[in-house]
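Letters A, B, C and D mark the chains in the order given here, with residues in each chain numbered from 1 onward.
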């Protein structure tokens, strides 16, 4: 974002800040208490924490009965999110280029298809997706659910990449070609470096959605050895035998920390992609 | 270079769509299995046959085990311990048992002590009825029936096969069910209400509000607020819903807060269907607002600054500036967000599934969630893949139609200029 | 083309390694066990297999075989996710060897070939199977074969908070006599409503807390249908008794109308319900025998017998007092080698022995599965198990094992909920249910 | 090397951009393709460098038919209007790129880069990124990159369009110098007649996909074949009067001017005609007097420019040595040089 000020001296910004601050309060409170409750205990019926404690974080060093090891789950989540990022980046940067730049038979059809799919209610296909997965023997495996999640996010990725490729001047590519480079070399060495910010943004975005995904791993990879954090946390919450909000929140915070770190450091890139929707 | 994308999309998009369409035309469920069934004369099948073919139903309704020469010969061929055949032939030939268990008791008592598996093998050989036997093919069933002396016409065979088949069959019942059931109508109305209200209040109006208010702020303050309102979207859904549960739970924030004013604690989320809707819409709306916020913000940023200066010089108030400068130029972004988010809202059920599970009662059950519940996730464990697929197919069709409109609206053809390099 | 030779030798090496591994410990068997609806008190549902495996290994050793069994345990807290995961895993041929689940799953799972009859692998006449209550064994049967070995028994009583009963005029003697009165049909569901109302009117409990039922769908609600004279199955055919179902729907609508039960009770968080019941916020409620364990062990209700009376579910108009037992059963899934399944069956057999099963029964406050189990000290010395077995088990029904029962249940519940929440009248709900049952089940259900 | 376009046609879908064009560029010659935007000159250039394929016809480099060869196989150097420098590479990497993709050794590449950089005078900029260069410097880098592979033909697509006036002047001679020094055949695509006239050996003027005229700059200025060519060349531009033939003379309809011309003998009276008068041929030294009113006067320092409106409303432009006695509003009587007047038929052809 270009943080160029458009604030006019004719209007005071204080009233809008106050107004927005007020409506944002519930959200801020929820997040503040999310963090606060994990390291404190409160008297019953009180909203103000009365003591500092780390007991809610004990899940990090003690295994919960009937639950897999938190570190294994974290590792799974990390593998899951990273692989999705890699697959989406590689596949959609290639496909996006083809759709943006190459003379492909039925290119218009492909483009329309991608566009329709990218707005498609794909989660509803989950039963059929299960059949496909079990047919190719990847049910209850990380690989399977990685492929499915990547495939579902692919149309958006391809569409975004296509949009970003469209902004690269044709002349760079023409220059590459008359300079004697093959089309692949042109893509790899001349065009790809031009869309680095886009790759960064799409990569971050994919990582975050992968990190957050719940339904797909829950249905398609329910086994303890392939469990991811979202499923772990959800199963913790679903278990009404051990209802303990502070622990849930501690697991939640543990789970959300990587997201927040990425968010704080790469906010600009992310805004890029969410705003990028208008391109198509 | 497009091959990997094409393969993945084919495998996990197009094939599932095709399969969903196919499943929608079947009676597939947990009980029928997915891969197909067998032919088994169960008590249920006998009940079904009673009306049309009483004689047959009567004749096959009882189990019958006979120690006969045919069975003994087959047993010899199995080459188990020779003592079994000798003893059976000597002591039990001609005996008839009215149940498997009684036959097996005799076999178990043989001096050579057959194992449990062997007992099963042996008793199978003396089975002279078809009741409860699982036949891998329809011909095998018919053969066995004929062996028992039931001569069947082709139509009768069809009837028997239909009555005894345990797998799924082709049917249009799913769509009839969707069309006729008042519950489906209710779910449909729920969905329409949910999509319309969330879209209108949050994804568009509130997003506009956020975009406009942050526009009138110093850049740093604006980006702080935008960051706050983007949080719901980037927070993993499980945690996000957890926070709402904490807010609305009977020992949660709202209850404690209201407790200060003497209001007894209650579960605000599920207390009644109005509350549930209120929070379901808030939960989804807070996520949905962020996309509109960013799209509208960048659209506002794209308005030349001079237009703002000029309008201020012309004496416009802030409201007039919004009304006459900003809003008219946001028409396309608003249309875009509306189209796009309609589809997202139609497909989204994770938030509702995790917060109210469609409750209280079925008050907040929406179409995609109902499809999920029907096909994959319900208490009785009776997963109706066929009906669920039919419900999903309805969404697929709605999604297709909406996205085609969406292509139209956005003048898709202008987005695909011809490539400039020809090779 | 240099890859091929390398690949070849690698494959060879792998095959060699694998085969030596087989030779080194001839019988290394992994048996996986999943159980649904299992909280921390229910750990012996799966833990029993550790003990059983130990015994089976020792037996093998005595026979001179080396057998090493690895038990993989996966307990699920709830039912929805468990059944989804299990069904999908089975379709993908990745089902666990042993499943502990509700007996009503036998019907559909047997029909689709997802499970195999246990009697193909276990001699039913051998101990301890021969000792199991015959009606429980019947519950584990489908299409003339025994598919499941009962894992536990329970029943579902009505609970009364004694202090409030006293406050509305019952004497200690009255309360002590209540179970008998219920059994004889002298205290009915109508009285439940009246007493709940009295408690509320006296301000003992808040509005909606007089009668405080289960918070979500469950087999419990069939008990009321039975109380009002309904029958679930006759000779292999499901039965939908319109009049009885209407009385059932109407009863809950009346409870809401009288204000003793909340209109939007269904779907409230379970944990809240537990806490409230344990602390006397509710007057009358119904639950299961295993609730005793949770209330006493987890929710801190120290003097259970001093505070709580329990009876059968009282009779309603046209029916009699009853309770429902919903045993969990151990099932063997298909798709494994015969050898593996045989070991799994042997394990189930050992785990069903009285002393091992009693661990589960007492820890989780379920009821035993065999007469000899009641003679195990641990069991005999437990007041709750003893009283509950005596008072409830003789009157226990079970849901039928019928492949179509799930559909029936779904339709019944949907309309139950609709009339409860006031979305439909009881009449309309019964009619809607009838129509849907006719169209989905047709011949398979008798409607009367 | 000679470049030959033989019956070259190009259409995009249903739209025909160029039809049956013949063009012959001699070895070592620099030719300008001059025309307004949309006339097909860039399409022609793209076809020569292989980015577009001809719909029909042939393209020959020397005697080699390159019609169906890809750009990579043609050995052409192109300088694009935007220079198309690779923003993520340094100047040296940019220039060396054509050699890098030919898999030359690093040492060889460095040597050749240094040579060519010295030739275009950017040897001190090799480590910079394109974004750190001025427009003229970027232009030189683009030239160096086009020349380093010793192409058979150098194609320049509006190379000066993005430069300011002073740089444009400097680069004009610079490009010409390089082309002469390397002796390379070059084609310059431009819409600026000054550029075309000052830099090239010959000019091909294009209009609507056709070459209207090919000639040396002076031939074309003095002897345009059509009104279009006449109008396109010359600054300030030529002025046109419309009238009719009358007894071997050009006459305005109101009779205010009658100009006898040799070219009009044998043309029937009443034929519609267009008369082109360049500004330098209307003023004090002509032979046919014309009366009018000055509506606009502009001094350019050494010379003054006047617009004169004739009584019938048509206008003539005049350029004269600076003088201060004529102001807008004055009536003047100046003369036309009838020998330099160009007359065109109704179809725009020169008579």
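Things worth noting here:
Here is the rule we use: a residue touches a chain if its C-beta (ideal position, glycine included) is under 8 Å from a C-beta of that chain, and two chains touch if they have at least 3 such contacts.
Everything numeric here is computed off the predicted structure, so don't read it as measured data.
The most distant chain from subunit C is D, comparing centres defined as mean Cα coordinates. For the pairs B-D and A-D, the larger set of C-beta contacts lies at A-D.
Here the CA centre of subunit B is 68 Å from the CA centre of subunit D.
Put simply, the C-alpha centre of subunit A and that of subunit D have 54 angstrom between them. In this assembly, the C-alpha centroid of subunit A lies 24 Å from the C-alpha centroid of subunit B.
In whole angstrom, the spacing between the mean C-alpha positions of subunit A and subunit C is 40.
Within subunit B, residues 34, 249, 251, 376, 420-423 each touch two or more of the remaining chains.
Annotation for subunit C: residues 81, 84, 88, 91, 269 touch two or more other chains.
Contact with two or more other chains is made by residues 174, 177, 219 of subunit A.
In summary, the structure contains touching chain pairs A-B, A-C, A-D, B-C, B-D.
Interface residues of subunit C, counted against subunit B in their complex, comprise 79-81, 83-84, 87-88, 91, 101-102, 104-105, 107-109, 111-114, 120-125, 143-145, 206, 216-218, 235-237, 263-269, 272, 338, 342, 402-404, 406-407, 409-410, 414, 417-418, 420-421, 423, 432, 436, 439-440, 443-444. For subunit C in complex with subunit A, the residues that touch the partner chain are 38-41, 43, 73-75, 77-78, 81, 84-85, 88-89, 91-94, 269-271, 274, 294, 298.
Note for the complex: subunit B touches subunit A at residues 1-2, 4-6, 8-9, 11-13, 15-20, 23, 34, 210, 213-221, 223, 225-239, 242-247, 249, 251-253, 256-257, 259, 286, 290-291, 294-295, 297-299, 301, 305, 308-309, 312, 318, 333, 336, 339-340, 343-344, 346-350, 353-354, 368, 371-372, 375-376, 385, 388-389, 391-392, 395-396, 398-400, 402-404, 406-407, 410, 412-413, 415-416, 419-423.
Residues of subunit A touching subunit B in their complex: 1-8, 10-11, 13, 16-17, 19-20, 24, 26-31, 33-34, 37, 45-47, 90-92, 94-95, 97-104, 107-108, 110-113, 115-117, 119-129, 131-132, 136, 147-148, 150-152, 154-155, 158, 170, 173-174, 177, 183-184, 187, 208, 211-212, 214-215, 219, 229-230, 233-234, 237, 245, 248-249, 252, 255-256, 259, 263, 267, 270-271, 274-275, 277-278, 280.
The touching residues of subunit A, when paired with subunit D in their complex, are 169, 171-172, 174-182, 185, 190, 193-194.
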